[in-house]
Amino acid sequence: MKQVQRIGVSLETELLSEFDELVAEQGYHNRSEAIRDLIRNRLTAEQLAHPDTRAVAAVFVVYDHHRPQLAQKLIRLQHSHLLKTISSMHLHLDHHNCLEVILLRGKVGDITKLGDNIVSLKGVKLGRVNLITAAE
Amino acid sequence: MKQVQRIGVSLETELLSEFDELVAEQGYHNRSEAIRDLIRNRLTAEQLAHPDTRAVAAVFVVYDHHRPQLAQKLIRLQHSHLLKTISSMHLHLDHHNCLEVILLRGKVGDITKLGDNIVSLKGVKLGRVNLITAAE
Amino acid sequence: MKQVQRIGVSLETELLSEFDELVAEQGYHNRSEAIRDLIRNRLTAEQLAHPDTRAVAAVFVVYDHHRPQLAQKLIRLQHSHLLKTISSMHLHLDHHNCLEVILLRGKVGDITKLGDNIVSLKGVKLGRVNLITAAE
Amino acid sequence: MKQVQRIGVSLETELLSEFDELVAEQGYHNRSEAIRDLIRNRLTAEQLAHPDTRAVAAVFVVYDHHRPQLAQKLIRLQHSHLLKTISSMHLHLDHHNCLEVILLRGKVGDITKLGDNIVSLKGVKLGRVNLITAAE
């Protein structure tokens, strides 16, 4: 069981009431939940700014699945970096286009570089690398 | 077969050589590939800025899988929005933490709101909603 | 004098100690200060996502000041939108390049569009529009 | 006079026509201008990702000017880092609030840290550090 501590925070009444509105809109149970999320996001952003942090990234690529070589190249590129790729998910967007989400694990610097290479493959129409979370 | 056109672009020699370096580093086949990607990213960013654009978003949540109710709530929330959720992928990060990637399809405004709700579920430690691509 | 309220927030001990480190590093006086900032940033981001919010934006342009027409065009464009431009600041970066920071006030949608026009002026080498804060 | 080169770029007709629309909307003179801007933004983003790049950053702070000590602290903090601060601009937002834009020059790592310290000053309601451009 994780230990929990309770701290006091002072806020202008007006700021608090605006915040309470946001908390309700987003469906949070209570303020503590929402504040913990703000803190965790901030800490994660800080960690992910360092190239040596171990992290998980998601690479999104949209491509035309009528180019079978691309699918093969994507698979091969993932296997050649076996330790870094964790998992991938494939989705048909429309008659022409697929979306592939590839999760990579490794140092921020390495997985960003591998992600850039995937995104730059010939036939990839749209691609992005998103660092998600520091891991361990 | 898609029709392709060739246009001329003038660039300062210095800018061009810096760009060529980037093109090589990222593993692009040629400049046209890289420029097409820049253009597509720009157009997509433009489209995703409008709440009515139909799009695909990825929601990432990191949570402690020892909280079984959360997993159920996540599944229930996805089913209650059946038309919007497309697919999800589950991944063990470490002994305590799971990463779940949930793809949503719908209007930018709607899927952002649903994503915010998922991220705000009690027990979700870290969450983010990323708009990926306009669809149709 | 603004009314201030005190609320209680519960946090896992580990998360709290990581947060305390960040608070110290950034030079905050205390946790309340840091948490208020996180909340204000989140609320502002929320407001700035709506095109009708009245806001202040900063437009940055880097350009070669040996192109005198550009400087004139920049000035003229600002005057023709007199109500939206508030102020600007000029800075010599090096022998060739100037940086100009232009503050715009108005609806998010309008000032973003005007900012895009400024950034697109012939001779502007680098430009960006940053929404800063909602202003009544 | 800078040397200019002309390169050929091939694009799907559909992508080209969407791009031409954007070029017109934003007020660009021609496609080359717009493509050069996309390339420069991409290169700048790449450079600014390295903590050792020399760069210019803008720090925005919103604060209540009825807190005179804060204004003094802001000025003192800028003077104590004389080489890094270049210039600042002050703006009255409303009866209570001021916006101050402070330009810093130095290594990405250093000016980000200094910016974080400014943003964390007691009394600053809203603050952000934006890296603008690599310099020299």
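In this document, chain identifiers A, B, C and D correspond to the written order of the chains, with residue numbering beginning at 1 in each.
The definition used in the following text is that a residue touches a chain if its C-beta (ideal position, glycine included) is under 8 Å from a C-beta of that chain, and two chains touch if they have at least 3 such contacts.
On a predicted model such as this, the values are computed, not experimentally measured, just so you know.
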Gap in Å, rounded to a whole number, between the CA centres of chain D and chain B: 25
Multi-partner residues of chain A (at least 2 other chains): 40
Pairwise touch network: line, ring, star, complete, or other: ring
Full enumeration of touching chain pairs: A-B, A-C, B-D, C-D
Interface residues, chain C side, partner chain D - complex: 25-29, 33-34, 37, 40-41, 44, 56, 58, 60, 62, 86-87, 89, 91, 93-94, 99, 101, 103, 116-117, 119-122, 124-128, 130, 132-133, 135-136
Residues on chain A engaged by chain C in the complex (per definition of touch): 2-16, 18-19, 22, 31-32, 35-36, 38-40, 42-43, 46
